[in-house]
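Below, chain A partners chain B and then partners chain C, in two separate complexes.
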Partner chain A sequence: MQATQPIEKRAAERGVSGRTFRAAAWLGWQIEANWTDPVIFFIYSVIKPLSGAAILVVMYSVITNANFEDPMFAYIYLGNAFYIYVAAVLTGVSWTVIDDREIYRMLKYIYIAPVHVPVYLLGRGFAKFAFGSLAVFITIVVGVFFLNLPLDLSLVNWPLFIVSLTMGIVMLAMMGLVLGSVMLLIVNNANFMGEAVAGALYLFSGAIFPLTVLPAWLQPVGYIAPISYWLELIRRALVGNIAQSFPTFAQFSNGQLLAILAGLTLLFTVLGFVVFRYCDHQARERGYIDRVTNF
Partner chain B sequence: MDRVPKNSGWRLFVQTVIGRAYPRIIGLLREHSWFFFEVFLPVLSVAAYVFIYRAIGAADVFIGFVVMGGAMTAFWLNILWSMSSQMYWEKQTGNLALYIMAPNSLMAILLGMAFGGLFSTGLRALVITLAGSLLFDVHFEVANYLLLFAVFMLTMVALYGMGMMTASLFLLLNREAWHYANLAQEPVYLASGFYFPIKSLNFWVAAGASVIPLTLGLDAMRQLSFRGGVELGFLPVQTELAILAGLCVVFLIGARWLLSYMERLAVREGRLTDGRR
Partner chain C sequence: MDLAIHTEKLARVYKLRDAKKEQPRELVALRNINLDVRRGELFGLLGPNGAGKTTLIKILTTLLSPSSGVAHVAGYDVAKEPEKVRPRINMVSGGESSGYGLLTVRENLWMFAQFYGIPSKLANQRIKELLDVVQLGDRANTKSSDLSTGLRQKMNIVRGFLTDPDVLFLDEPTLGLDVEASLDVRKFVRSWVDDNPDRTLLLTTHYMVEADELCDRVAIINGGQVLACDTPANLKRQLQRDVIYRMEVSPLNGLQPEALEALGGVRKVSHEAKDGASVLELILAEDDALGHVVNTLTGKDIHILNLQKREPSLEDVFVNLVGHSMTEAESASDG
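Up next is the complex of A and B:
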C-alpha cells in the first residue's frame, strides 16, 4: 500500500501537468486569436513577419541588384524566417507573466488554482509557437515562390531538420521560462525584457549575417549564443550546400553541433526549473504575484 | 476664505496642455531605466541592419541612412504606443472617464501628450543618432541646416497631428487596440523606408506610403544630411516640404474633427468606460 502511494502521486502530478499544459495552450490560442475574425487574424499573423522579411529583401536587392542566387540571400532569408520562433517562443513564454499579472490581472488566480505554474507558462508559449509556425511557413513559401530561395525539398536532410527544430524549440521555451521567472521579480520595464533579449540574440546569433561580419572582439558573444548553433543546424539541414559557403562553424560536424544543441537544451531545461523555483519563492515572499505596476 | 482662481477658455486649454505634457517630460528625469531600454534596443536594431549592409558590401551612405532611420523609429513607436493607443491605455487604467468629466478639452490633452512625447522622444532620437554615429563612424554633410530644421519640424507637426487623429479612433477599441498598434510597426518600417531609401520601392507604393509623414520627412532629411543622399531621394526636397506642410493642415484639422465625432460616438455607445481586455 505504502509503496504504491508515490507511484500514484507521480501519476496524478503528470495528470495535472498534462491538463495544465492543454488548458494553457487553449487559453493562449483564444487570447491570441479571438479578438477578431479568422480572416483578419490570418492577415495579422502573416503581415508582420512578411514585412520584417521584406525589409531585408529590399535592402538586399537595392545593394546587389536583386541577385537572389547569391548564397548570402538564402543565409539571410532563412535565418530571419526561423528567428520568428525566437520572438514567438522565447518572448511568448516570458510575456505570459506580463499578460497575466499586468494586463488580465489573472496571475494570482492561476497561482491559487491546482495547476503547475511553469507548465502553464510553457503551455501559453505553445500557442505562440503554433502562430509562429504559420508565419515561418508562409515566409519560406513566399521566399521559394517569389524570390527564388533555393530550397529543394528532395535535398533537405529531414531527420536533421526535425531533430534540430524540435530541440531548438524546447531550448527556446526553456530560455523563455528563465526569462519569465526573472520577470516575476522585475518592477519597471519588465515588458521590454523579452524584446531586449530577442534583439540582442538577433544581432549576435548570426541570424541575418555571418558572425564573421561582427568586429573580432564581438564574435565570441556570437559563439556563446545558443541560437547560433541551432540556426546553423537548420541551414545545414535545409540548404546544406549554401551553409558550406559560410565557414563560421565549419570546424563542427553535424553530429557535434547536435551534441552541443542537446547539451544547451538540457542546460536550459535544468536552469529553467531551478531559476523558476528561486524566483517564484522570492516573488511569493515579497508579495509580487498580485502586484500591478502598469508597466 | 479665499477661493482658488479657476481658469477657463484659452488659459484652461494651455494649463491642460502643460499639465499633460509635464509627466512625460519629468518622467525622463525621475525614471532613468528608459535610457537602457529605449536607447539600447533601437541601437541593437540599428547595429543589426548596419551589419547586414556591411555583409553585402553596401556604400557608407546606407549606414548613415540606417542610423537616421533607427533614430526616427523612436518617433513612430511614440506615436503608436504613447499617442494613438494612449486613449486605450487611459481607458484601461480608468483615467479616460476622468478626462471626459473634467472641464478641459480632450484636444488639449492630446496636444499635451504630443508636446511631452515630442520632447522626450526627441531626446531619445538624439542619443540614438549620436550613439549610432559614433559606433559606426557616420559622416553627416548637412547641405542646409535651416531647411533640415524646417523639414524636421514639419514632419513632427504632421506626425503628431496624425497621432492625435488616430488616438480618437482608439477610443472605440478594446483588446484589439494592442494588436492594431502592434500591426502598424514593421509594415510601416517597410513602407516608410526606415532602413533603405524609399525610392527603392515602386513609385506608387512610395507615393501611398507618403501619407505617413515620416516617409517624406525621412527622405528629405537624408537628402539634406548625406553626400549622395540627393541621388537616392524620392522627390525634390522642396516638393516634400510642401507635401509635409499640407499633411500638417490635414492631420490637425482631421484630429479636431475626428476627436469630436469619436467622443460623441463613444459616449453614445457607452465605450468610454468599457474596459474589456
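Up next is the complex of A and C:
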C-alpha cells in the first residue's frame, strides 16, 4: 500500500510565531477592552486597582498611625502597584487555557490551527500586560499626588527600571506558560489551582512587606520567590535611597540582583517551553484539549 | 493511488478514571481501523452514537493521540508531524456553541484567517462569500454571543471553509441546523469538493440520507470498527438480490422479532415501535419467505396494517451488517 503524497508547502507554514503573537494579542486586547459600557470599563480599569491600593493604605495607616513619611510606605505601595503585573501577566497567560477551553470552547480550533500554542498564550498575556500597565500607572500617579509617595522622576534610574521591568515581565509571562501548561492537564478544579499559586506568590514575594518582617523560618521562602528580586530592583530603580534602607536584600548590589533576575528569566523561559512540550504531549494522550468540565 | 487520509491498524483506548476505583477502566473506542480516503473524495463516516466517529476525527486532526497504529493526513503522520498536518486541514464540530462572544462574526472569522496566514483582503473577500452561502451575511457585524446556537454553528462552518484546507473534517455538520440550512450546507459541501480536485472532505453523520446522497464513499462504523466501506450504490448492491419489505403490524403480543429470523429465507429483521403499532423491516433472501413471516404473525394474532416492498437503502445495509437498526443501536448505547 502506498502512503499519501505530501502536498506542497503552504503559506500557513511561514512566519508562524509572528502572526500567532499578533493575532493572539489582538484577541486579548479585544476581550479586555471590548466593554460596551464605558462605566464598566472605568470601574474595571481604574476603580479596581485603586480600591486594592486603598485597602492597603487604610491598613497601613491604622498600623502606623498614618505615618506616610516612613520609608515603609513607599516600599509597600510600590510593591503593591507592580504586583498588578503579576496577576495580569501570570494569570493572563495561564488562564487563557481555561478560558479558551471551558468558556469560549475554542481551544481545540486554536490548537489544530498552524500556530505555536505557547506563543499564542504569550500573545494573550501581552494584551493583559498592556492593560495592566494602565492600572499600574494610575495607581502610582494617585500615590504621588494624594499620598505623598516620594517618587521623584529626576532621581529615577531609568535604564535600571526599563531593563528590570522588561526582564520581570518576560519572567512572569514564562511562569504563566509553565502554569498554563499544567492547566492543560487539569480538567477539574483549575480555578482553585490558579488562585492558590497567585496567592502564594503574593505572600512570599515581598510585595507588601519587607521580607524581614516575615518570621525567620519563612524568610527563605521569600528569597526563593523569583518575584521578590524583581520587585526589589523596581523599587531601587524608582526610589533608590528608600528601598535600600531596608535590609532585606542589602547585601546584593544592583548588578548582582540584575544577574539573578536574568538567570531566573532564562530559567523560566527554558522551563516554560520544556513543561509545555511535556504537558502538550500528555494532554493529547489523554484527550484533554477539548475536554469541558463545567466546573 | 493518491491518498489524503490513510490509517493502518489505528486504535484508541480511553482510560476511565473512576474516583472510587483504583484501577482505571479501559474503553476501546477504535479498534484496528484501516481506512483510505483518496484525494478529491467526499467521504462519509456513518455510525450510531458512540461508534467512534468523533474519536477518529480527533486523531486525524491532531487533537488526540492514537493508542496504536498510524494515521497519515495530507501525506504526514498525525502523531509525529502534527505541525505539517495542521496548515493543511481544518475541522468543524456540529451541535456545539463555540466562539469568542465578544467578537463579531466577522472578527471571529478574520482572526482565524490571521492564524492561517491568509492576507486580510483575501480573508475578507472569502468571509463575505461564505457568509452569504450560509445566509449569515446580514449578521456579519453581530457579536457572536448574540447569535442562536444554530447561527453560531453556521459561523463555525464558515471558519472551516475559510482557510481553504486540503482536507476538511466536518463532525456532524448539520446537527442542530434547520432543514433549509442543512440543505444549503450539503449543497455547498458537494460543490466545494467538486470545484477543486485537490480538496478532500471527510464528514461524519448518523443521518442515512446525508451519507447516501452526499458522499462519494461511505464507511459504516460501529463499536469502533469499520464494517464496510464503499460507494453508497455498491453497498446497496450487496443487498440487490435481497428483497426488502416494510411491514406495519399491530403490537407484537410478546413475539420476539428475532424469532422471525429463524424462519427459512429470512435474513434480518429489525423492529421499531411507532404510535402504538410496530414497524418491521424485513430483509428476505427471496419473496417466498414473506409467506412464512405472515403465517407466523397471524398465528400470534398479529394484524398486518400496511406492507410495502422497497429498494434497499443504506439503513438496510446497516441493519444487515450490524444486526439491528441505527436507532436501536443508539438506544442501546444510551442505556
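Simple rule for what comes next: the second predicted complex is superposed on the first by the 274 of 295 C-alpha atoms of A that agree within 3 Å, B and C clash if a C-alpha of one lies under 4 Å from a C-alpha of the other, contacts with A are read in each partner's own complex, and residues count from 1 in each chain.
We take it that a contact is a pair of C-beta atoms (placed from the backbone, for glycine too) under 8 Å apart; a residue touches a chain by one contact, two chains touch by 3 or more.
Please read these numbers as outputs of a predicted model, since none were measured by experiment.
**Student:** State whether A:Gly287 touches chain B only (first), chain C only (second), both chains, or neither.
**Tutor:** Touch status of A:Gly287: second partner only.
**Student:** Report for A:Met59: first if it touches chain B alone, second if chain C alone, otherwise both or neither.
**Tutor:** first
**Student:** Quick check for you: in the superposed arrangement, does A:Tyr104 touch first (chain B), second (chain C), both or neither?
**Tutor:** Both chain B and chain C are touched by A:Tyr104.
**Student:** Counting only touches as set out at the top, which of chain B and chain C does A:Asn188 meet: first, second, both, neither?
**Tutor:** After superposition on chain A, A:Asn188 lies in contact with chain B alone.
**Student:** Touching A:Ser51 in the superposition: chain B (first), chain C (second), both, neither?
**Tutor:** first
**Student:** Touch test for A:Arg22: chain B only (first), chain C only (second), both, or neither?
**Tutor:** second
**Student:** Taking the superposition as given, does A:Met72 touch the first partner, chain B, the second, chain C, both, or neither?
**Tutor:** After superposition on chain A, A:Met72 lies in contact with chain B alone.
**Student:** Check chain A for residues that touch chain B in one structure and chain C in the other, and list them.
**Tutor:** 104
**Student:** Would you mind writing out the residues of chain C in touch with chain A in their complex?
**Tutor:** 1-6, 8, 14-15, 36, 39, 58, 61-65, 72-76, 83-84, 86-91, 96-103, 107, 111-112, 114-118, 159, 163, 166, 198
**Student:** What residues on chain A touch chain B, complex-wise?
**Tutor:** Against chain B, the touching part of chain A is residues 35-36, 44, 47-49, 51-52, 54-56, 58-64, 72, 76, 103-104, 188-189, 192, 195-196, 199-200, 202-203, 208-210, 213-214, 294.
**Student:** Can you name the residues of chain A that touch chain C in the complex?
**Tutor:** Residues of chain A touching chain C: 1-7, 10-16, 19-20, 22-23, 26-27, 30-31, 34, 104-106, 108-115, 281, 284-287, 289-290.
**Student:** Can you list the chain B residues touching chain A in their complex?
**Tutor:** Those in contact with chain A are residues 31, 33-34, 36-37, 40-41, 44-45, 47-49, 51-58, 62, 93, 175-176, 179, 182-183, 185-187, 189-190, 194-197, 200-201, 277.
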